[in-house]
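The structures come next, written out as structure tokens.
Here subunit A shows up in two complexes: once beside subunit B, once beside subunit C.
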Partner chain A sequence: MTNEDIVQAIKDIIITIAPDEEVAGLKLDVSLRDQIELDSMDFLDIVMELRKRYGVNVPEEDYKELASLQSCVDYLAPHLADKELVAH
Partner chain B sequence: MDERADAIVIGAGPAGLAAGIRLAQAGLSTIVLERHWLWGGLNSFYKLGGRNYDVGLHALTNAAPKSARKLPLPRVMRQLRIPLEALELGEQLGSRTVFPSVSLDFSNDFDELASQVRAKFPACAEAFDKLAIELALSPHGVEGGPASTRTELLQRLGDELLVDMLMHPLLWYGSPTAHDVSWSLFVVLWKSIYEEGFARPRGGVRPLLKLLTGRLREVGGTLRLKSGVQRVLHDDGRTEGVLLDDGTVLRAPLVLSSAGYVETLRMLGGTFAERAATEPVGTMTFVESCSHLSQSAPSLGFDKTITFWNHSERGIYAPSTPAPFDARSGVLCIPENYRGQDPEPEGVLRTTVLSNAAVWEDLDGEAYGAQKEAAYQASLAAVSTFAPDPRPHVIAKDVFTPRTITHFTSKRAGAVYGIPHKVDDAASGVQGLHIIGTDNGFLGIVGAMVGGAGVAAFVAAGAQGQEATP
Partner chain C sequence: MVDLPRIVITGVGLTSPNGNSLDEYRANLLAGKSGVSPWEIRHFGKTVAGQCDFEATRYQSRKALRRGTRAGSIAIYCSHEAVANSQLDLDHLGRDRVGVYVGITEHGNVETEEQIHEVSQYDFDLSFWSHHHNPRTVANNPAGEVTLSLPVTGPHYAIGGACAGGNLGIIQGAQMLQLGEVDAALAGGVSESIHTFGIFASFKSEGALGHHEDPTQVSRPFDKDRNGIVVSEGGCMYTLERLEDAQRRGAPIMAEILGWHVNSDATDFVLPNPERQNQCMRSAIQRAGLSPEDIHIVNTHSTSTPLGDIQECRAVNEVFCDSSKTSINNTKSFIGHTMGAAGALELAGNLPSFTDGFVHPTINVQNLDPDCAMRGLVLQEPHKNDKVETILNLSFGMLGINSAVIIGRPTF
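So, the complex of A and B:
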């Protein structure tokens, strides 16, 4: 998966858990919570979807790495290198 | 070979169904087990003599529009990925607390309650506004806090009658303890009932449960009816699965139980069951009735949605001991008095009065029936003191006692609001076994769903290296 794919993967997940949010204009380096309304429960959903779709386990101490799209890319890139973007 | 799953949920009420959906959504193979032939738990439905009856649901609390995203109802629906619009919620027309000398009206517009307090308790107006602001700024879930709300409110408001009247609907709709409630629960009740308010899904509890069971199926979860759990299997402090009444063993490393805290301890057997015997059981239980009327209730003059009555100078909310029921204090619900409901040819009227479980357990067949009828007549007589007399218009009815509640929900002593001290952290003492539902500290249908979905999310997000399901 390329970095662009990872961004798309996260956006796809956000659309699933918060269908009324606009993900198109999300900025890479700004915290997701500052751009859309996601609470801690929504982040648990992101973690669950990452596991379900890509088999990636994000341990609790690493939840903070999912704060922005860029930090998601940085953190997930090694785990997703050999995975394909799942179409949704 | 025993059947395997990633997760098992005990009980198909709103908490269990919400938990099952969230677990299955996370990709875990999930089985929701229900002892009865029907789902819904404390909020179920059935047909009798060709007529529909709902159990439990008078009102959905926490009425909130979709735009109020942080509030419990929109939030939990989003977590379950069910559009809030699908509930087709209709707001209440208006509710009332009736005491002998004074009444307080309230609706989903908080200002109505505030102006009623200003008009009827002018000396307390300023103190009430301060309290309202304090509570508005308080988050939905506060931990710890004082044990007695009564003491706290009396300090702030200085008027016993006003304290009684403000607490009355809140105690009735969710206190597991007599006369008083913990501050943390009070805050939740205040917000759910006074700040957010009552609504009803169009068509009542059926469409709501249909959405939940439909969503569970859609995400691959399984609902198994007539599957009572005999034992929760565990070894060396870890959950291994469940043994069903029919001898079937289902293996799973995760079990979420909505059967109640004490009831779940009993299912663990051994020293857990011994501990269960010493745990306090909830004492608040009720006699409920559902009457069908020959014409619509509003056409007979019933104009309120919910009426919380109290026929004593001081508010009464306690077990009716030693009597089988106490109709001096109760709740009247007119399901037609929500906006957007389909017109029904027959009216429906529901009542709830105080009771106690022990008396009913000891009654034999004939005496049981006679007491049921007596409780019903007393309930309708009480209603006729502040609303039209429904008795000449009743064409069909059913009455539920604490015994009915225990039979259909497993809750000991018919304790619909569960144990007095809540298991806030959902822990059971066995790894992989979590308590959800009433005893998890959340209230009502919305609270049950919030709690079930929340616990499920935490355990599912943390469910590392589950064995693959064959």
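So, the complex of A and C:
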């Protein structure tokens, strides 16, 4: 999965869990919570969807790595290198 | 009740399998239009059910819909509609002075079945069990979702009363107003039960799930060929206020709650007890300061089961056999059994009788069971009464819980 694919994967998950939000214009290096309405339960949803869609387990101490799209790419790239983007 | 404040209904919001507003629902009850249709659910397969098609996104974002439960969504829709209907200004009243009391038959089965299905896809690895499960399945969920949505900050909880839940919600709201705990109560009942396969399977195992080639004719209380209930979803929430508060703000007063009673059979898990039902009715009538002859409509609970209907008819006959002005009907023949919503929703179906004078019929009775014959039973076509000033609404439930609520036409 390329970095662009990872960004798309996270956006796809956000579209699922927060369908009222507009994800097209999300900036890479700004906290997701500063751009759209996401609370702690939503972040747990992101973690759950990563587990279901890509088999990636994000331990609790690493939740902070999912703060922005760029930090997601940095953290998830090694885990998703050999995975394909799941169409949703 | 003479020393306690009088309680009135100033608004109603509802969703029924045959209507998403009181006007639409009432029109379909008078037109004989059923709300039961084919339904298919995981594991159980094809059956019938009463399904609601209210516009959930009128009051909820798509995210809120995804996070919450169907019961919560129904309660939110009905509560917003009830507040709007009553023209109550929550900010002026004080949002901390509004209580939310939601009757339920059960809650949590839908979400639990869903999660078990979900983890079964992952070899029962519980790391796939949703973090949403607890807030979705706590018993106060439907009422709590209402407080989040409106928002209001007074007390909220659900009242578990099996299929008497809707009446119990109304009674709880009225009592809290009388105690001065709140200044407005959003009270009634909801059900999401059609989304759990377990309820269909259990009724089938009991031999109590109805069937007929025509879905609209499955629910046929009092008919000789009835063979069981139709499970339905629905909701109905009322705005309740003390009479003097309602009059002070010039609220539209739809009815006064004149009396109620709740008791227990203490005889069986599922089989009803007509002697206790009789006592429940008589106690409610006495509390309202009335006699059976003063009741103009009795809305029965009968669910279209062979034995349960006979038991209730026996109890109703004993109380009302000498009441020449009492009409008797059944709303489940149109919408099936809306479980926790039934008491509140069926009362709403009759409430417009105060203004239009009609008693909606019991439909689907092609061959009246002689054991269900009752004086004043309204069948197939609406009946025009000389006057309708009082309505007694019956709702009973498993474990032997009986409830009766009496409302009166506003006379002030």
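The criterion applied here is as follows: the second predicted complex is superposed on the first by the 88 of 88 C-alpha atoms of A that agree within 3 Å, B and C clash if a C-alpha of one lies under 4 Å from a C-alpha of the other, contacts with A are read in each partner's own complex, and residues count from 1 in each chain.
The definition used in the following text is that a contact is a pair of C-beta atoms (placed from the backbone, for glycine too) under 8 Å apart; a residue touches a chain by one contact, two chains touch by 3 or more.
The structure presented is a predicted model; accordingly, all values stated were derived computationally and were not measured.
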With both complexes overlaid on chain A, does A:18 touch subunit B (first), subunit C (second), both or neither?
both
Classify the contacts of A:29 with the two partner chains as first (subunit B alone), second (subunit C alone), both, or neither.
neither
Looking at the overlay, what does A:82 touch: subunit B (first), subunit C (second), both, or neither?
neither
Figure out whether A:51 sits in contact with subunit B (first) or subunit C (second), or with both, or with neither.
both
Just checking: does A:60 make contact with subunit B only, subunit C only, both, or neither of them? Give me first, second, both or neither.
first
More subunit A residues in contact - subunit B or subunit C:
B
Shared subunit A contacts, counted only where both subunit B and subunit C touch the same residue
17-20, 37, 41, 44-45, 48, 51-52, 57
In the complex, the residues of subunit C that touch subunit A are 61-63, 66-67, 122, 127-128, 130-132
Touching residues of subunit A toward subunit C in the complex: what are they?
17-21, 37, 41, 44-45, 48, 51-52, 57
Along subunit B, where are the residues that touch subunit A in the complex?
25-27, 66, 69-70, 75, 78-79, 81, 453-454, 457-458, 460-462, 464-465
Which subunit A residues qualify as touching subunit B in the complex?
16-20, 37, 39, 41-42, 44-45, 47-49, 51-52, 57, 59-60
